[in-house]
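This is the structure, below, for whatever I ask next.
In order of appearance the chains are A, B, C, D, E and F, and numbering begins at 1 in each one.
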Amino acid sequence: MTTLLSPMVLFFGLGALAAFARSGLTIPEAVGKAMAIYLMVAIGLKGGVAVAAEGFTPDLALAAVLGLTLSVVLPLPAFWLVRRVGQQSAIDAAAIAAHYGSVSVVTFVAGIEILKLAGPPASGSMIAVLALMETPAIVVGLLLARRATKAGGITAGRILHETLFNGSVVLLVGSFLIGLAVGKEGYTQIAPVFEAGFRGILCLFLLDMGLIAARRLSETRSLTLQLTGLALAIPIMNGLVGTLLGAMTGLGTPDAAALGILAASASYIAVPAAMRMALPEANSGTSLAMSLGVTFPFNVTFGIPLYIWFARSIAGS
Amino acid sequence: MNASIERVKVEILLDAPLCDLVTRMVEEAGAGGYTILLALGGSGRNGRWREDRVTGADTKLLLLAVAADDIAEAIVRGLEPLLDSYRLIVMTTRVGVVRGDKF
Amino acid sequence: MTTLLSPMVLFFGLGALAAFARSGLTIPEAVGKAMAIYLMVAIGLKGGVAVAAEGFTPDLALAAVLGLTLSVVLPLPAFWLVRRVGQQSAIDAAAIAAHYGSVSVVTFVAGIEILKLAGPPASGSMIAVLALMETPAIVVGLLLARRATKAGGITAGRILHETLFNGSVVLLVGSFLIGLAVGKEGYTQIAPVFEAGFRGILCLFLLDMGLIAARRLSETRSLTLQLTGLALAIPIMNGLVGTLLGAMTGLGTPDAAALGILAASASYIAVPAAMRMALPEANSGTSLAMSLGVTFPFNVTFGIPLYIWFARSIAGS
Amino acid sequence: MNASIERVKVEILLDAPLCDLVTRMVEEAGAGGYTILLALGGSGRNGRWREDRVTGADTKLLLLAVAADDIAEAIVRGLEPLLDSYRLIVMTTRVGVVRGDKF
Amino acid sequence: MNASIERVKVEILLDAPLCDLVTRMVEEAGAGGYTILLALGGSGRNGRWREDRVTGADTKLLLLAVAADDIAEAIVRGLEPLLDSYRLIVMTTRVGVVRGDKF
Amino acid sequence: MTTLLSPMVLFFGLGALAAFARSGLTIPEAVGKAMAIYLMVAIGLKGGVAVAAEGFTPDLALAAVLGLTLSVVLPLPAFWLVRRVGQQSAIDAAAIAAHYGSVSVVTFVAGIEILKLAGPPASGSMIAVLALMETPAIVVGLLLARRATKAGGITAGRILHETLFNGSVVLLVGSFLIGLAVGKEGYTQIAPVFEAGFRGILCLFLLDMGLIAARRLSETRSLTLQLTGLALAIPIMNGLVGTLLGAMTGLGTPDAAALGILAASASYIAVPAAMRMALPEANSGTSLAMSLGVTFPFNVTFGIPLYIWFARSIAGS
């Protein structure tokens, strides 16, 4: 599979190898954050400019409804599996389920690039779907934990606010709207930074992610065989369901693949922060080891090509 | 040290997402101020961590507030319900301060 | 007004909105500093390369004299207004006056770009004027405070040194001289980074500035209605005076506008640091809330277009 | 702790622009060394602040010097004139040190 | 402070390249955890240094571990052979902690 | 000499001047590290892509053998000189000798660029030689210190691991292999970041290095006149020996110059870290003041042009 030899995946692998070899290589946190901000602004802008050109299509509304539905529904089987197969407490299972219902921006960006390398790209409006899918799973997770989130005086409203206005949502949505407002002509004047630089920066960012994911994996103490299995099975299941749903309801093939990638991706930024406040008793080590240590690397290497292949197979049939 | 008055230094090790909550509680307990330092890494029952995580969720901060005895006690008492669930670490030390009237 | 819809202003607005919505979005300080360094080196280089091509013109000498004069004179009405209307102590008023006599590099850079979008650009030599205007107002401010700056053994010489050799002056002047030395051919080999990237980076930097300015505004405790009014009135007054002076003495229209922008801009980096040492009793909260929280956003959104419009109106009349 | 000798840890919270001045005074008081940490944010009578300000003017530092009693006292006395105008916070704590001869 | 138990705060100032070694020793001494802060600069017998060195070799860290008396003593004893050659600084302070059972 | 007026050298000089003038200019450590990572990835990738095109030539094997030999042999005369002329203890002399046997990535990168400005470039495979030369001198240095490296329970294996897997070796070798794997076509998609940006970033990085080197020099307390002389004499000697060896054994002129630059360069990242662990009694102030404060600036300004001139002179004779 040629995507495995793309520079992006190779840099991810280099980072992981460096971490496993206990190399001294580290990328300062400020630099990692800077790259993440750059990627989110770039992807938001491009999405907005694309939608400014395409206009709001019925497909966008459809994709939005599908995304929201998935984000609400997908935590349920994940919760059940983590309780039964993973043998976790209700609170831990709820926290993990929220991670898998929500999405990972980086997985999405990597997926969009791999899609583009392999054929027609997803439409710009999928960025809006990405933003819509960040939050609902958190609410579902809290409901699954069957408790009012009032620990230490933190109200549900507070947590909702933190999640809706977390940095990545604001950046994505804001840049999307700016792209929409300035359109192609306005974008041209600032495009060099966001166009020419994009893939190179993504490589360096994935190098960092490889380091971080592998370190998370090797420092964790709470990952059982069952949980590792689930961290592979749940994204595959979610990815195939997302892709299928997109294809069946009439999204184009690339958009169906993108929806699959979103469904398969697991949050490791927004959801952990929300859970740390709302479900402090949940073991954040377990959920992060699963989403960041296992699911993320799997998606970047094998998962994304699988969902793309699946989307094409359905379309071709 | 003649000019120096005894006060209590309260040090709280906390997770970054809790920062707003904890600083609000410190202020409500009557502290005149506080200062926050960034922790770079550490280890505890939940394993090792380092700062260069993307996931700011487990960045740790060290909050430091100098206060009179009663206010320090109010800070600690206020935090007590959070200690177990949020796994805070709270330390108090007697320190000499100059400009003691300030605290 | 089309400049309000330029990506730069929109990103500034996004940052401000994110801060007001109490979003978790932050840009690491190291990254903000890196962008500031990049912008100063880029603008210094470009100025130097431009002057290497244009040669030293009498206009440059004229602009330098005008800039120095403004930086010495403008603190005086500002001091008077802040004492009378703003009801501040002499020391606080002196500190605030120094902020308004000095200049803001970022306002200048934003202004230069907005000028360029709207018509003929300012000449490269205005960067030298920018550097000349950083320091004199500090000296005037200290004289206005009517006290020898000897608090805690800090001598006047020390403060002057700190101000003359502060990071941004060194970077601007140094890069200007390097640009002058290497000229167009030498610049070509390093140009891609400083040319193609410039506006995109400026967008990201203004996003950060929006966050910072809005946070400053919402966390301040010392901003009265009168001070807010002055933080709008003083830059308008200074901007119009600067533009008029430039136009009357025969600077070209873009350079007159640039001089107006410099006069209108208020320092929020070099002067606060100098005041912290020289006038520690001054309330730095007040002066920063005015210059960074009110004047800077005003200039970036409404002020700059106003001064440009004014320069053109005079020229056209 | 048998091998340990008592010394004084002086902690000074200061604004970044004052760093040169304060370190010079600490050295002049006879301290054999000091270490500086960066503060990330805080709150006091002048409102809240955080590190991600462009304006380095209100970045705060925490200077920490371990010294013998007389030197610690000299440090504190030397700083006293600055305390009010520069709004420094100075804390002293008795600590046990190993290699006490070093300080 | 009624709910508070006395423990020892061990603070170790060390060079970054020694971090792995020292944390291993702290763990072997039985400490339940530790936290690391980054130092920004300092001065000692070997001159001044600041963090913005490319050469991470002289970045300094401040490791902080709260522990019961016997464990703190074990930490200090374990480090003693390293003190001179690696120029570590080790401080111990008595602090009050809540959740004392944790340490 | 035109290279002294290249923007890279001028920015290095600006940084040094700013530090000597005690300007407040600083570049955050995270940013310096980010630029170093960028430069190492870029140079590794380019090297790998070049070797993918050229193929493994006998020249590569020859250069590798020469580099390894130099790294093993060069510490010996350096050790002897530092003991005799420099009057240092055996342990200090061994640590210093290790610095001079090993290499500096930044000196190499600056050298490669200056070579390219002046004529035909060095071949991509020299990056592999750079990576090979990082470690052996450390082992030789420890042998020269005539003691088992068991201080505080640190084993020789541990130190070797740290050195072989230190961040810069991993980045260089990893990027080199990725460049080799993806070849020219794979590289094209990520090239803009690494090509267009390279020299501009190198300028900013050298600005930072100028600051750091000059500060190191002005804050050191242990640099005697003899040691300063050696910090100039050893690189000149090593540079000429390396160039000569390359030319005599039949490397092309640019590769011979590159080998000279490697031999002349002194480590200031990998070796100091290794020595801090293995020879903690060695005075790291002395060795860093020599390699970073004296040798590095000398090489960037005068040394590199000298070795290039020497390589050309031999070839022309």
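As a working rule, a residue touches a chain if its C-beta (ideal position, glycine included) is under 8 Å from a C-beta of that chain, and two chains touch if they have at least 3 such contacts.
Just so it is clear, the model here is predicted, and its values are computed rather than measured.
Student: If you check the contacts of subunit D and subunit F, which chains show up for both?
Tutor: The shared contacts of subunit D and subunit F, listed by label, come to C, E.
Student: Quick one: report the Å distance separating subunit D from subunit E, using the average Cα coordinate of each chain.
Tutor: 18
Student: If you average the CA atoms of subunit C and of subunit D, how far apart do the two points sit, in angstrom?
Tutor: 34
Student: What whole-number Å value describes the gap between the mean CA coordinates of subunit A and subunit F?
Tutor: Chain centres of subunit A and subunit F, defined by C-alpha means, are spaced 40 Å apart.
Student: Which residue numbers or ranges of subunit A touch two or more of the other chains?
Tutor: If we look for residues of subunit A contacting two or more partner chains, we find 26-31, 33-34, 162, 196-197, 273.
Student: Of all residues in subunit E, which are in touch with two or more distinct other chains?
Tutor: Only 37-38, 93 qualify.
Student: Please list, in label order, each pair of chains that touches.
Tutor: Pairwise, the chains that meet the contact rule are A-B, A-C, A-F, B-D, B-E, C-D, C-F, D-E, E-F.
Student: For a test of understanding, state which residues of subunit B touch subunit D in their complex under the given definition.
Tutor: 1, 3-4, 7, 9, 23, 27, 32-38, 61, 66, 93-99, 102
Student: In their complex, what parts of subunit D are in touch with subunit C?
Tutor: So the residues of subunit D in touch with subunit C come to 15, 17-18, 21, 46-58, 81-82, 85-87.
Student: Along subunit E, where are the residues that touch subunit D in the complex?
Tutor: Answer in residue numbers: 11, 13, 37-45, 60, 62, 72-73, 76-77, 79-80, 83-84, 89-93.
Student: Looking at the complex, which residues from subunit A come into contact with subunit F?
Tutor: Interface residues on subunit A, with respect to subunit F: 5-7, 10-11, 14, 17-18, 21-31, 34, 117, 196-197, 199-201, 203-204, 207.
Student: Hey, which residues of subunit F end up touching subunit A in the complex?
Tutor: It comes out as residues 28-31, 33-34, 37-38, 41, 161-162, 165-167, 170-171, 174-175, 178, 181-182, 186-187, 189-194, 196-197, 273.
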